[in-house]
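Report on one structure; see the data block that follows.
Chain lettering (A, B, C and D) follows the sequence in which the chains are written, and residue indices restart at 1 in each chain.
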Amino acid sequence: MATWTEERIRVRYGETDMMGHAYYANYLYWLEQARGAWCRDRGFTYKQLEEAGYKLPVVETWIRYKGEIKYDDLVTVRVRLGETKRSAIKFEYEIVAPGGDRVLTEAYTWHVFVGGEMKAAPLTGEFKEMLARDPADWAQAE
Amino acid sequence: MATWTEERIRVRYGETDMMGHAYYANYLYWLEQARGAWCRDRGFTYKQLEEAGYKLPVVETWIRYKGEIKYDDLVTVRVRLGETKRSAIKFEYEIVAPGGDRVLTEAYTWHVFVGGEMKAAPLTGEFKEMLARDPADWAQAE
Amino acid sequence: MATWTEERIRVRYGETDMMGHAYYANYLYWLEQARGAWCRDRGFTYKQLEEAGYKLPVVETWIRYKGEIKYDDLVTVRVRLGETKRSAIKFEYEIVAPGGDRVLTEAYTWHVFVGGEMKAAPLTGEFKEMLARDPADWAQAE
Amino acid sequence: MATWTEERIRVRYGETDMMGHAYYANYLYWLEQARGAWCRDRGFTYKQLEEAGYKLPVVETWIRYKGEIKYDDLVTVRVRLGETKRSAIKFEYEIVAPGGDRVLTEAYTWHVFVGGEMKAAPLTGEFKEMLARDPADWAQAE
């Protein structure tokens, strides 16, 4: 099974709306931050990936909002690699309340792997290797 | 068939990211703006709905990002009522390029109907009537 | 005196916070949208300016929040050119309530004029001419 | 002199814009997060303040953008109490690059102290005491 990476996020005041909860769009910022932590856990940063000429633009997102998330809540976003296809990868997410036993949100995002000119490309062997890394073998990237 | 409401949106500079496209979270702001226009087309505003003690918090979103959307693009967000359940409703969306013939984004959002204490409640008869309105019969709400 | 350009903006739900007002950061999106309208009023778009190799990154902002702005409010953002320096320009703003007689917000932003490599450059003659245009002489840019 | 509180912030991808820097509005989210840390350093949270019936809505902001801040940068936001008036307080900020020797941003924000009905009120003695706390005497609030 793919290993989860966990990223703790404190909800900002500006991420709430007048209903008193975190606004539904802001979850996608948190998922992005968790993907960044996922890369770091495997010894590289998403920034380095872009500097090497690759990008992972999103092509599909799905979110199930199950429990309330409010200002100043310190939630944990769990992310792991789901499926990989020839030129696309899927990340799966859970947002859990402090303590970790209650899942507040479920989500996934699909990303295509593109080279310099925003065209989908097959995952390179090097990138496949990076995806398959075990965090236990890697120091977290700076 | 449910009638589409169309809302034109000009992409803001701050809605882009360093990849040069609109950031994936910002689409959810546009869908919200389109839902607001959808209500107006039927003679009420979402604000009035909340003032009357009802809310429509989101419980699920799905977005398929198909074509590029960039700064200053003037896109059209089309929204219509999809399914309705006992205490939930679904909106369906398409974002189309100028001209209207090319679908850049497909999406849906599910919302529960809640009363004053954030508990799901059956759709009231009055609200069902509002959902079923034909825009042709209604002046757009101020 | 410099001519005001006016841009009407409907406050989004996601722009509010749990205090029930528009969150203070979102005003800067509205000012940006108003600058875009200011350019259009003078026959060009900010996008065209960037495509021509110029940028106007912000170096200073000031905002005075005087009156409440809430969800679904339809405010008018007024913007005009303030001072110009050798390689910098200032925009001045007022956000007014519907009717136009009550100023809810005052603001200014300073921008430097930069060429291709993000270095400040003297305003070119062509750009000075664009800044000085009278909207009455120009069709709004597409 | 007032004691600085420091809060480290990793710049999100969604906080950048197509110019490749952090978009100018997002700095205000970081200042808010730093104010939250400032409260924690003094043994309370801003959330608790609101729960006790007080709010600190912003009335003025000023930001001087001096150095570039980009995606994935790990900046430090320093915040301290500036002036206090009868019913208003000022926070002062610096955003510094890793290492802490280079100031990328200077800013201040003014806030009014309001009671339950969004009317300005004199700072209470209890709140004055909280503002004057020395972080060394307080465990950080949860």
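A few points about this structure:
In the analysis below, contacts are C-beta pairs under 8 Å (C-beta built on N, C-alpha and C of every residue); 3 or more make two chains touch, one makes a residue touch a chain.
Being a predicted model, the structure only gives us computed values, none of them experimental.
Shared contact partners of subunit B and subunit C, listed by label: A, D.
Computed centre separation for the pair subunit A/subunit B is 26 angstrom, with centres defined by C-alpha atoms.
The mean-CA centres of subunit B and subunit D are about 34 angstrom from one another, to the nearest whole unit.
Counting partners per residue, subunit C has 13-14, 19, 24-25, 28-29, 32, 71 as the residues that reach two or more other chains. Chain contact topology: the protein chains form a complete graph, every chain touching every other one. Contacts from subunit B toward subunit D in the complex involve residues 13-14, 16-20, 23-25, 70-71. Interface residues of subunit D facing subunit C in the complex, by the touch rule stated above, are 19, 21, 24-29, 32, 55, 57-66, 68, 118.
On the subunit B side of its complex with subunit C, the touching residues are 10, 12-15, 28-29, 32-33, 36, 45-47, 71-72.
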